[in-house]
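The next part holds the structures, each set out as structure tokens.
What follows is a pair of complexes built around chain A, which joins chain B in one and chain C in the other.
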Partner chain A sequence: MLKNYFKIAIAVLRRRKFFTFISLFGISFTLTILLVLTAFIDKVVGDTYPDRKRDRSLYVTHLQESGKNAMNSSTLSYYFLSHFVASLKTPVKLGISSGYEGTNTYVNNKKLAVNYKYTNADYWDIMEYDFTEGKAFSKQQIDNADKVAVISEDMKRDYFGDIPSVVGKYIEADNVKYRVIGVVKNVPITSYNLYSDIYLPYTVSKTNFKSDHGYLGGFTAVLLAKSKADVPGMRDEYAAMMRRVPFQSKEYDKMYSRAEPYLQSYVNTGNESMSGVTIVLITIGIFVLLVTVLPTLNLVNINITRIMERSSEIGVRKAFGASSGTLVYQFLVENIILTLLGGLIGVVLSFIAIQVINSFHLIPNLVLSINFTVLGIGLLVCFFFGLLSGVYPAWRMSKLNVVTALKAQ
Partner chain B sequence: MMFKHLFKLIWNKKKQNFLLMTEMLFSFLVLFAVFTLLVYYYDNYKKPMGFEYQNVWVVSYNNAYQTKNVDSLNTYYEILRKNIKAMPEVRELSFCSFNTPFTNNMSQGGMTYHQKRFDHINMYTAEDSYPATMNMQVLEGRWFNKTDVATKNKPIVINSDFKEQLFGKGKAVGQLIGNNDDKDKMRVIGVVQSIKMKGDYAPAGLGLYQRTDTGSFRWMGKIMVQVVPDASAAFEGRLYKTLANYMKNSNIEIEHLTNKRTSINYFTLVPMIVLSIVGGFLAINVALGLFGVLWYNINQRRGEIGLRRAVGASGNAVSSQLIYESMILATLSLIVGSFFAVQFPLLNVFDLSAGIYISAMLLAIVFIYLLVFVCSLYPGRQAAAIYPAVALHEE
Partner chain C sequence: MIRLQNIEKVYRTDTIETLALNSISLDIAKGEFLSIMGPSGCGKSTLLNIMGLLDTPSKGDIKISDQKTDHLSDKQLAQFRNQKLGFIFQSYHLINDLQVLDNVELPLLYRNTTAKERKMLATEALEKVGLSNRIKHFPTQLSGGQRQRVAIARAIVGRPEIILADEPTGNLDSAMGNEIMEILINLNRNEGTTIVMVTHDENMAHKTHRLVRLFDGSQVQ
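Presenting the complex of A and B:
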């Protein structure tokens, strides 16, 4: 039976090439937009390089202090993280790193903009950076304040040029010479808490982080639990710790900071009255709605037109005893075949679009790709589309009166 | 009379027309959104930048010199100033607060004038040499100078946007405005052309400048440096060494405003291009759909059209009837769409001026009419070509 429907569907599609083209154009283009969007989101928040232990980690990125007349929100200080957060029992590791900051270096009369970032030793135990050579700095080296650096592949190429090995060589940044001890694969800047060109031990910083006892500063932390099951306990322990932390000044009467899963921390606005997750969801929701509603309406319109055109066929089938259910079923199948065909074209189009976007290098090191998640979502969207745009026309069709349908021609 | 008849025709096919109208309505709303954004960006774009960024570099430093003594603090930075200025490639420089052009750094506050509160005012702190470094235009009054040290009311300079809000077309110089709780009165001594700090496509916003005082060096972290047009990377390296060797405990970064402008514009341009492409394709999609449906409708109505031709209607009359019909459909959906769109300026949803919404609305309306007109042109022509004898014979 299905095979028959399939044959009919193909015959119908070939009869009115213009309508087929309109339908396919609408479906494939909408799908392309949605696929590129999902590929982007998937890459930005779903890519687990280098923090592969995400499911047993919690991220601390903000602290907000507020009172009647004052509000202050920022990343945290080294003191806060090493004094209060380090006292927690559940985390087995506490990775602390500063946000990346810019400086310059000058090689052969050429200027290089360099982003650097300070980390502690646990950071390297939690993160699984891919080292193309060398290794990370150890606790010993941090305690000795050794001037050593881990650099990214991009930095290696820009600073040293095309040479096989740079471990042991010196790189000058911020007017200081550091010995390169490791080279890691690039992280795109969209993973803004992990990205940098040069990673340095926090002890070599020109600012003495330990002397400053304020709560706000330039650092974030990753808390690693022993197992996935310990994560909720770790979050609660952090919340309990926050209730004990004394206020810095009388100006404030509230203090917020949370250990959050990656996604929440990624979109944290730093403002307690405005949840980043809600904003992102609403924005994406409105965009998707606008992008899908129009082509769906278009499809419904076209589908109705097509059915009316086939009224004589429907009349004949009804006259020979086909029930409304059968006809609706047939039409839905046809429509789903049409949308899947559009989906196929859409996947090809998205593939091309993604190649084009990648070739523009809009964001360095952010290489989009269509993976199975994206493809699965695409097929699901197609199926949904087919049903949505087919149900109403099919219902209209099944309502056709046999006599009028036959007479129409 | 004719319109009444056309309405009847539309009403008779209300089910099918309803879907068409919903489609037009949604396309109107999408276009309205896209055009609002485009008009908003264009509106900002055509306003002057307010300063010359071409040969200005920004030096960022931190944590340079710790001392309790104000005099030695000032001496420390005056020596640095002399060292930089001694370089032949440097024309002018000015220390200033960290909210420099084309960064995301902001420092905002509120002011009170005649019991009216103004919020989101960008607070800048700068030296006497700031306008010369940035090539800013002073529109009224003057910029700060040495005489501003000991005055009863703290002197301030405001930007033209803020002046417009405070005094309209009136005179600004000499007026007193109060701070947050309207206590400390400050005297306006000058008005400068607003600077688009967030790039070409963003509004300048309200701005207020304060003169640096003796303690400002404690917290300032930026130096604006105007260099000669052909300053090379070798010179930049020298400047960098000079700074880094003088401020041993500091992290130094030199950035060019030209590059910073490009990258901040990029963040507005990319979403704009993406939205325009998406909007464009949606419009094509809708156009194709409309075209198909109208075309099909005409084929359905061959009998009716043939009859009209037979009783004496000219080909033009038939095709314009069809075009009128679709235009009426468009008008109906545009009325509903405008009802939604007009809520944006009425409720002041996104803090944009009403003019932007209205121009966007007009653009979207014109666009939809054009789209519908073009889409019904060909089907209308086709209808005009129907021969009554043939069409009536088919029945």
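Presenting the complex of A and C:
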């Protein structure tokens, strides 16, 4: 029976080529968007390079001070992190790094845009960057304010060209020359708290972080617990510490900052009244709803037209023994064949789209790939589409009176 | 074989009520070849559709093979039609997207038959109507007479006890019409299949065992 359904499904697809094109385009295009989106989310959420100890880490990315007439929210100051956060007992390490800043440098009179960030020594102990050569700077080098740098592979290639080793060579950024002591594999820009082209000791910064005693600044922190079990305690200890932090201005009577798991910190907007997770979920939800519901409605419409065109066939099948349930099954199978076909095209298009994103470096250092999870989601989405867009038309036509259906020819 | 008692069919719209069949009672014996005649719109096809359980009467009882059918569910009705009845339509109603063999196999799809059995039975049915050399053709590649023969093969493939034919020769010229009629007569004679045929053609009707005439929804002969 399935073979018969398959034959007729293919025949129907070939008969109305324009409808088929619209249907397949709708399905494959939607699926491509979803697959690329899921590949992107999968990469951002699932890729643990270089913070492989995520399960025993908490991230501090924002502090908000608010009062009746004022509100201030930003990343934190080095002072706040080294003075208050460093006093916590549960974390075994406290990695501090600034957000990346951009500057220009020149190689053979050619301008090169580079991003650099400052870190402390613990940062390198917590993060597991893959060094292709050299190593990270030590606490001693930081204390000495040595002008040393760790650079990314891309930076090495762009600045020095294709040479085997650059450790010991000098790189200039923001008019200062730094001695390269290590080269690390690229981090995608989507891991914005960890990404940079050049990593420098925070003590070489032109800003004197130690003299600035404000709470807000350009830094974030990673707190590493001894074990996964210590993470909730670490979070609570941070919260308890926050309750003890004195206000710096009479304008403010509330202060918020949290040590959060990676994902929450990743989407933290710094606005306490609206969680970043909620915003991201709502945004993704609306987006997915739009890109799936609209093509589904379109498919439902096309399917109704397609199926109603076949009312004579419906009449004949009913006359010769097909029950309404059997007909619903037949049309669902046909629709699933159509959507799976669209799905296959969608998978191919997704491969192409991802190749384009990767090869044209549309997002720096982000290498997307289709994995089995994403493929599985894609095929499930197709199956869901097939059902969703087929159920209503199939049900409607199955209720068609045989005599009316036969007269329709 | 078929017993109709006081069958009435009323079509209702918001403003008009049309009596399509008025108190029709009919007994059709097993192995009988009966034709129904009457002017257009007199209710012939409606009566045939009711006999074929494709439509329901507004009033009255139907018994087929001593079984009352008014209480059957959609699924049971489908099964009943599949097992007991075969249909032939004036405009053939073949599925143009399927090859001849697939069209003929159609009733068997709704039974527990293997693909091999289906192919064997459909080929056999096509042999009976003289079309076994056209199994790979599509309906659009056949003449009207050939299409109707495919439709007959489809009607008989499941070996139903009753065949209901709605103007089977209506779209054909007289030579082809006669050919189709011959097939039906042989089927009735050799296999004992009960046939009820709606026709406009007196000549065709006179070849059957009995003729029933309808006028304005009532039986007049």
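We adopt the following convention: the second predicted complex is superposed on the first by the 372 of 409 C-alpha atoms of A that agree within 3 Å, B and C clash if a C-alpha of one lies under 4 Å from a C-alpha of the other, contacts with A are read in each partner's own complex, and residues count from 1 in each chain.
Keep this in mind: a contact is a pair of C-beta atoms (placed from the backbone, for glycine too) under 8 Å apart; a residue touches a chain by one contact, two chains touch by 3 or more.
Here the structure is a predicted model, which is why all the values come from computation and not from measurement.
Engineer: Just checking: does A:Gly102 make contact with chain B only, chain C only, both, or neither of them? Give me first, second, both or neither.
Structural biologist: In the superposed model, A:Gly102 contacts chain B only, not chain C.
Engineer: Just chain B (first), just chain C (second), both, or neither: which does A:Ile33 touch?
Structural biologist: In the superposition, A:Ile33 touches chain B alone.
Engineer: After the superposition on A, what does A:Asp174 contact: first (chain B), second (chain C), both or neither?
Structural biologist: first
Engineer: After lining up the shared chain so the two structures overlap, which partner does A:Ser138 touch, if you call chain B first and chain C second: first, second, both or neither?
Structural biologist: In the superposed model, A:Ser138 contacts neither chain B nor chain C.
Engineer: Which partner does A:Ser312 reach: the first (chain B), the second (chain C), both, or neither?
Structural biologist: second
Engineer: May I ask you to decide whether A:Val291 touches chain B, chain C, both, or neither, giving the answer as first, second, both or neither?
Structural biologist: Only chain B; A:Val291 stays clear of chain C.
Engineer: When the two structures are overlaid on chain A, which partner does A:Gly321 contact: first (chain B), second (chain C), both, or neither?
Structural biologist: In the superposition, A:Gly321 contacts chain C only.
Engineer: Among the partners chain B and chain C, which is in contact with a greater number of residues of chain A?
Structural biologist: Partner with more touched residues of chain A: B.
Engineer: So, A:Phe18: does it touch chain B (first), chain C (second), both, or neither?
Structural biologist: It touches chain B, and chain C stays clear.
Engineer: What part of chain A is in contact with chain B in the complex they form?
Structural biologist: Those residues of chain A that touch chain B are 18-19, 21-22, 25-26, 29, 33, 101-104, 106, 109-111, 113, 174-175, 206-207, 290-291, 293-295, 297-298, 300-302, 304-305, 308-309, 362.
Engineer: For the complex, which residues does chain C have touching chain A?
Structural biologist: 49, 52, 54-55, 74-75, 77-79, 81-83, 86-87, 89, 91, 93-95, 97-98, 102, 105-107, 109-111, 115, 154, 158
Engineer: Please name which positions on chain B make contact with chain A in the complex.
Structural biologist: Contacts found on chain B: 16, 19-20, 22-23, 26-27, 29-30, 33, 60, 62-63, 232-234, 236-237, 240-241, 244-245, 248-255, 270, 278, 281-282, 284-286, 288-289, 291-293, 296, 300.
Engineer: Which stretch or stretches of chain A touch chain C in the complex?
Structural biologist: 1, 3-4, 7-8, 11-12, 15, 312-313, 315-326, 401-403, 406, 409
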